[in-house]
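Before I ask anything, let me first share the structure, which is written out below as structure tokens.
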Amino acid sequence: MNEILKLDNVELYYDHVYALKGVSVNLHEGETVALIGANGAGKSSILRAITGLSKIKSGSIHYKGKRLDGTLASDIVGQGIAMVPEGRRVFPYMSIKDNLLMGAFTRSDKAGITKTLESVLERFPRLKERYSQQAGTLSGGEQQMMVIGRALMAAPKILLLDEPSLGIAPKLVQEIARSIVAISRDEKVSVLLVEQNSRMAMSISHRTYALSTGEIVLEGNSKELMNDKRIKEAYLGGDL
Amino acid sequence: MNKKILAYVALFLVFVYAVVPMLINISGRLDFYYTLTSVALLSIASAGVWLTFYIGRINIGQGAFALAGGYVSAILISQYGFNFWVTLPIAGLFCAVLSVFIGLPILRLRGVYFAMVTLVLTEVMRLTTLALPITQGAKGITSLPLPSGLEIFGLKLIPDFSTLENPKVGFYMMAITLMIIAYAVLYRIVNSRLGHLCRSLQQNEELASSIGVNTTYLRVLTYSISSFFGGIAGASFVAITQSIYPSSFQVADSINFMLNCFLGGLGYVFGPMLGTLMLYFGWDLLFTIGKYQMLVYSSLLIILMLFLPNGVLSLFDRKEKR
Amino acid sequence: MEQIIVNGLYLGAQYALIALGLTLIFSLMNVMNFAHGQMYVMGGFITYTVVSQFNIPFFIALIISGMALAVIGALIEKFLFRPVIKKSKRDESTMLLAAGIGFFLDSVILLAFGEKQRGVPKIIDGVFNWDFRIIMPYDRIVIGCIAIAMIIAFMLLMHYSKAGRAMRALAQDKVAATLMGVNVDRYQMIGFALGAMLAGVVGGLLVTITGINLGMGGPTSTKAFIMIMIGGAGVIPGAIVGGFILGMMESVGLSVLSQYGDITYLLIFASLMIFLAIRPHGLMGKPWG
Amino acid sequence: DNPTLKIGFVGVTSGPAAAWGISNQRSMETRADWINEIGGVKIGDKTYDIEIVAFDDQKDPKRAVAGMEKMAQEGIHYVVGPNVDDGAAAVRPVAEQKGIMYFPYAFPKSLYTAPASNAVLGMVANYQSGPAIYKYLMEHKGVKKVAFVAANESDPLSQRDGGVEAAKKLGLDVVSSNVTYQVDTTDFTPVILPVIKSRPDLLVLSGVSPANAPQLIRSARELGYTGLISTETAQDANVLKEGAGDLANGFISVGGASTPELASDTMREFVKRYTKKYGEYNDESNTKVYALEYIIATLQADPDAIDDVQDFQETMDTFEAPNPYMVGNAKLKYVGDTSFGQKRQLSVPLVVNVYKDGKFETLFVAQVD
Amino acid sequence: MKPLLEVRNVTKRFGGLIAVNDVSFDVRKGEILSVIGPNGAGKSTLFKLISSFLKTSNGLVLFRGEIISNLAPHTVARRGVVRTFQETTIFKSMTVRENIIVSHHLQSKASLLGFFLGSRKARADEKRFGESADRIIGLLGLENIANELASNLPQGHLRVLGMAIGLATDPAIILLDEPFAGLNHDETMRLVTLVQRLRDEREVTVLLVEHDIPAVMKISNRIVVLNFGQKIAEGTPQEIQNNPGVIEAYLGSEDMAVGI
């Protein structure tokens, strides 16, 4: 498998808060990778660094072998990296349709956009039912589906998901997990998944990185790590 | 209060009561008495605006209360023969009470909505004074006497201003004293529990009410204190100009009061005082450059904003924090 | 009655156009642009100068003043508002900047165009008169129609063009918009320029009817603020509705209350305050004002 | 290298009413430059250059006081302005205390009536010109019904009240006097509509600003009003031309000595110099050029008054000099006995004009006493 | 024993939408009661109705036998019913300690004027609040960040701070809206223990909305389930977990093995 994204020794800080202290992560084509870790560990910061929302202080990020850090945030999605941000961030006063079309903002192939739109609506039929409804009035789960669809509209090579299960009812969490698996399989997209729901994240990913206070503390095959004692205790909870 | 603050206060008092008059006399710039008097009075009104900022409301309506206060004083003096010094607190109280009625409905508004309603309020007040018979409408109230003396139990507290050799000095002393009282009150408010509650209101009204703060009461209370300041400032100007018209305080004044707060800095109690000094005095000083006065004045304002968007007092921030 | 409605409509159309630019800027950058009225005045004077001094046809002058204001707007955004917004702790701080710019433009206008009221000749002569029930000069009809056409064009632009969609998205969530590939800085500049351009064009349009003078800036801003408050701050249809409502209110209010004279405006303003006390976010405002 | 004589101006030269103050300031500066160019002015046995010290009060009475203080600080005893009622009232205490004579363009009688002593009205008040105009129009045009409209601000409203009173006294039927407008109105049709409906023969625009006049005229005419329109304030012909075009024909207003049949060579020279200096003339300056002329002429008559306004006041009672701006043997002198009980007004010729195709023509001339 | 809080036939309509539909249940003193249900079921709305942030369209809420629905929110808080928010809400530009101190408002004995003048009572109050704040900080383990600005805190700490603010009001019953959202398992369990301790040590009754089912099952004495605004079940965690209706509407199949 080809390496598509590579973070090397990335450091990042906000004002005076150190968020990432030398993080190295890589992602291969077609792979799903989970990032887990406590609150404030720096998971979101990794995604922000990749998408250029936060400038990194040192280290490098390479995408398809080319240097990515330093690129303007608004240019990154056009290169094939789409993100579903923390807290969903729908455009509340726009219709589902316009929200989805915003996802394809950097594309100009009309026919291609129409095709992607159709496939997204097919994947999430609920969105089709409420096509012209204002996004702000959707339920949390519907919004989550919509923003995933919105990210797909960019026809990305890499999909970055930040806590898609936050505040979502268990049943819907399962649905979303299924969608993620299906997307990575059907669209040949690499997925970087940040989750508090570590059990879900690890069960649908190939590899997992565990993060603690801005550093990677563990990494490995998800199946194997799920049985790792340390992971079990810290992130999964022994029993249930 | 710790020693350092006390020392600063003492220094300030000496400066405004003794050093400034001395400097004025030495330099012979007697016109500065009036300029500084204006600054002091306007900064009282601005202090009120600042207080409403402190509960998270942009107030562009202080001119309305200054006008109302001015008229209360003028009417009491001219039609009922009151002593000016008695009308001063009455004017403040009148505005405070008035602001309760106005504030109850409009303080529910936030952000630009509150700002705009208060902007309209200034105009409403002007039109009201223009329409009411008691304010004598368009004719205004003119030829008011200078403030007479004030005695309590035979103790002469304030001399009759018409007997003063230079009433301007008297007005300066009055304005400075009022300003010091106003800012002392403001400082106390901000640094007491009331201030903490105001800040809680500014940051999150819903949360404030969920911890049991009566937000409506607190908002109205602060607004009426703010309006009290406005009324006092308005009434004081009446004493100086010995006249009042519906246009004595207008929208432009309300906007200036707000700008004073911004310029000094919304995060600093003494911000509005400094802001007023700079904006008002600045204009006066620039008068010598004639028709380019406005151009230079506004350019300076813009440049100041570019470098110190959080107010002039933010200049001293860095030193204090890490 | 017909006359009153037609007056209200005409007035509303011109108001709505003024408010549109203001609300666009507000929604994109959360800036209460106190200098909007001055931009409007600037547009009027530019049109006047181009028409009267250089004898260039009115419609070309209109385009020139629109372009000029767009450039001025873009520069103001880039070199003044952008750095200040980045550095300031509270959104409202831009109000002082906006006011400063307003003063600055005022003084530039005074120095460049003088203190006098200016006007350009009527573009069309004659008065439409339907049996004295509706009297409307033709030039007003034309200007009113142009205004309405521009409002419609603007709405279409915002709704169906990519740039329009980007600006709407930007207004709702800047981070999300960035993630969609919208260059926030560039589109805020475009938005500001567009808002300024609208102000400039209205100024140019009205110089044929009401003329222009340097004092109109401040009051125009204030009025525009009132309109976007009625409709709901930062909501584009709200600005249009607000404009028409204020136009109607003035027209109806002035007719119905004319015998009460001095207090007509007092009542208009007071009812505005009451309206807002009842509807704290205007007619269609979002609670994010 | 003459010593300079400083004359002050405190008025509004920015904002909506800037036109009023600017026409004052510019006429003063034009005249001062002219005097200096020809070697100054001889007062007593000294020859002075004139320097104009101008202060923009932004139409704010509080600022006006500051301006007056500045003038006192500069040692100035003669100040032109302020332009509005509230400013003129607010500066009174300073002026009287600091010994400054000031020449407001505001009409409240209390400013000029004793015990007020230091203000001198710089133009003809509407309660003086109004009756003359109405009377003339009654007699010559058969006017019977009159309507008033005014901006909802102090000055215009006071003038309207004065006008209404005068009209009633003359036996005119006042059919509408309640309609007011905000100065920032952009469309006057709704304002004018109810006024027109009352079918007056004469529509008086009380205290109208030069900016609003053309729009009001235009709206009235476009609504089909065919009667007369007049005002008692000075206007600018070019502004009327641009703003209302032919619709302004027949509009009656008050001016200084603007019309060709009255203007002297000095006036023509003044207009030429003004135009050269500022690119464009303003007809309001016809009235406003007088204040400086009066100050200088009075000082010439009594050189001691240069730093003693007491002397000035005494001289005012008897002062008389030829009027350089008007043909014939018009005189500069102080009037106001009838209106104020003391001579506290400049005798400016009351020239009633009619606007016609971009120019003013004289309708009639009168004098105030 | 009389219930502490009674929700009686409460209904809330937003225009045509019925967000809460005729819901009734009791909360007993000293228990932890969870309200669960799909997104948009009306849980948060219900909390707002109880804390009087919204007015009911129908029905009553009683606390200690007295009606508290449709009063002013601060009055309800004064009676001892305090709510934290779904979105973490804190006073952003105050430090953690200031946040907690200011939230002692209800316990103050001095008047605002007293505080302004610095009366003895007021000074006593200040002292008491400071001590109490320190106790709460100790209880919740916030010592290290007590002087941090709240806006600099990560999510997890914000949640705890939110709870500390609630505690500072010394409530009889505290309403927690998704207190565990965005926390990982470890942190969740720490908070679970904390909430249980609060109940035991401070005798605070807890009403909780949460989607983290393991946590809910662990912490709750009883559970109420809402769906489309209506109560569809009520019972012990055991009963709820096996209720087919609840599984169908909310829990879904436990099977997460979607395969990779």
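Letters are used for the chains, namely A, B, C, D and E, taken in the order the chains are written, and counting of residues starts over at 1 for each.
As a convention for this text, a contact is a pair of C-beta atoms (placed from the backbone, for glycine too) under 8 Å apart; a residue touches a chain by one contact, two chains touch by 3 or more.
All figures in this text were calculated on a predicted structure; none of them were measured in a lab.
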Checklist entry - In this assembly, which chains make contact with chain B and also with chain D? => result C
Checklist entry - What is the minimum number of touch steps required to go from chain A to chain D? => result 2
Checklist entry - If you take the mean of the Cα atoms for each chain, which one ends up farthest from chain B? => result A
Checklist entry - Closest chain to the protein CA centroid? => result C
Item to check | Chain pair with more C-beta contacts, C-D versus B-E | outcome: C-D
Checklist outcome for this item: Farthest chain from chain C by C-alpha centroid distance is chain E
Next on the checklist: Based only on mean CA positions, could you tell me how far chain C sits from chain E in angstrom?
Outcome noted: 47
Checklist entry - In angstrom, rounded to a whole number, how far apart do the mean CA points of chain A and chain B lie? => result 54
Checklist outcome for this item: Chain-centre distance (mean CA atoms) for chain D and chain E, in whole Å, is 72
Next on the checklist: Taking the mean of the C-alpha atoms as each chain's centre, how many Å separate chain B from chain C?
Outcome noted: 32
Next on the checklist: Going by the contact rule already set, what residues in chain B reach two or more other chains?
Outcome noted: 127, 130, 137, 252, 291, 294
Item to check | Set of chain D residues in contact with two or more other chains | outcome: 13-15, 152, 157
Checklist outcome for this item: Pairwise touch list, complete, is A-C, A-E, B-C, B-D, B-E, C-D
Item to check | Contacting residues of chain E [partner chain B, same complex] | outcome: 51, 53, 72-74, 77-78, 82-85, 89-94, 98, 101-103, 105-106, 108, 112, 115-116, 118, 122, 125-126, 165, 168-169
Checklist outcome for this item: chain B partner, complex, touching residues on chain D are 13-15, 54-56, 58-63, 65-67, 69-70, 72-73, 84-86, 89-94, 97, 108, 110, 116, 152-155, 157-158, 161
Checklist entry - Within the complex, which stretch of chain E touches chain A? => result 37-40, 86, 152, 154-157, 178, 181-187, 189, 211, 213-214, 249-253, 255-260
Checklist entry - What does chain A use to touch chain C in their complex? => result 51, 53, 72-78, 82-83, 85, 89-94, 98, 101-103, 105-106, 150, 154
Next on the checklist: Looking at the complex, which residues from chain B come into contact with chain E?
Outcome noted: 188-189, 192-194, 196-197, 199-200, 203-204, 206-207, 209-216, 221
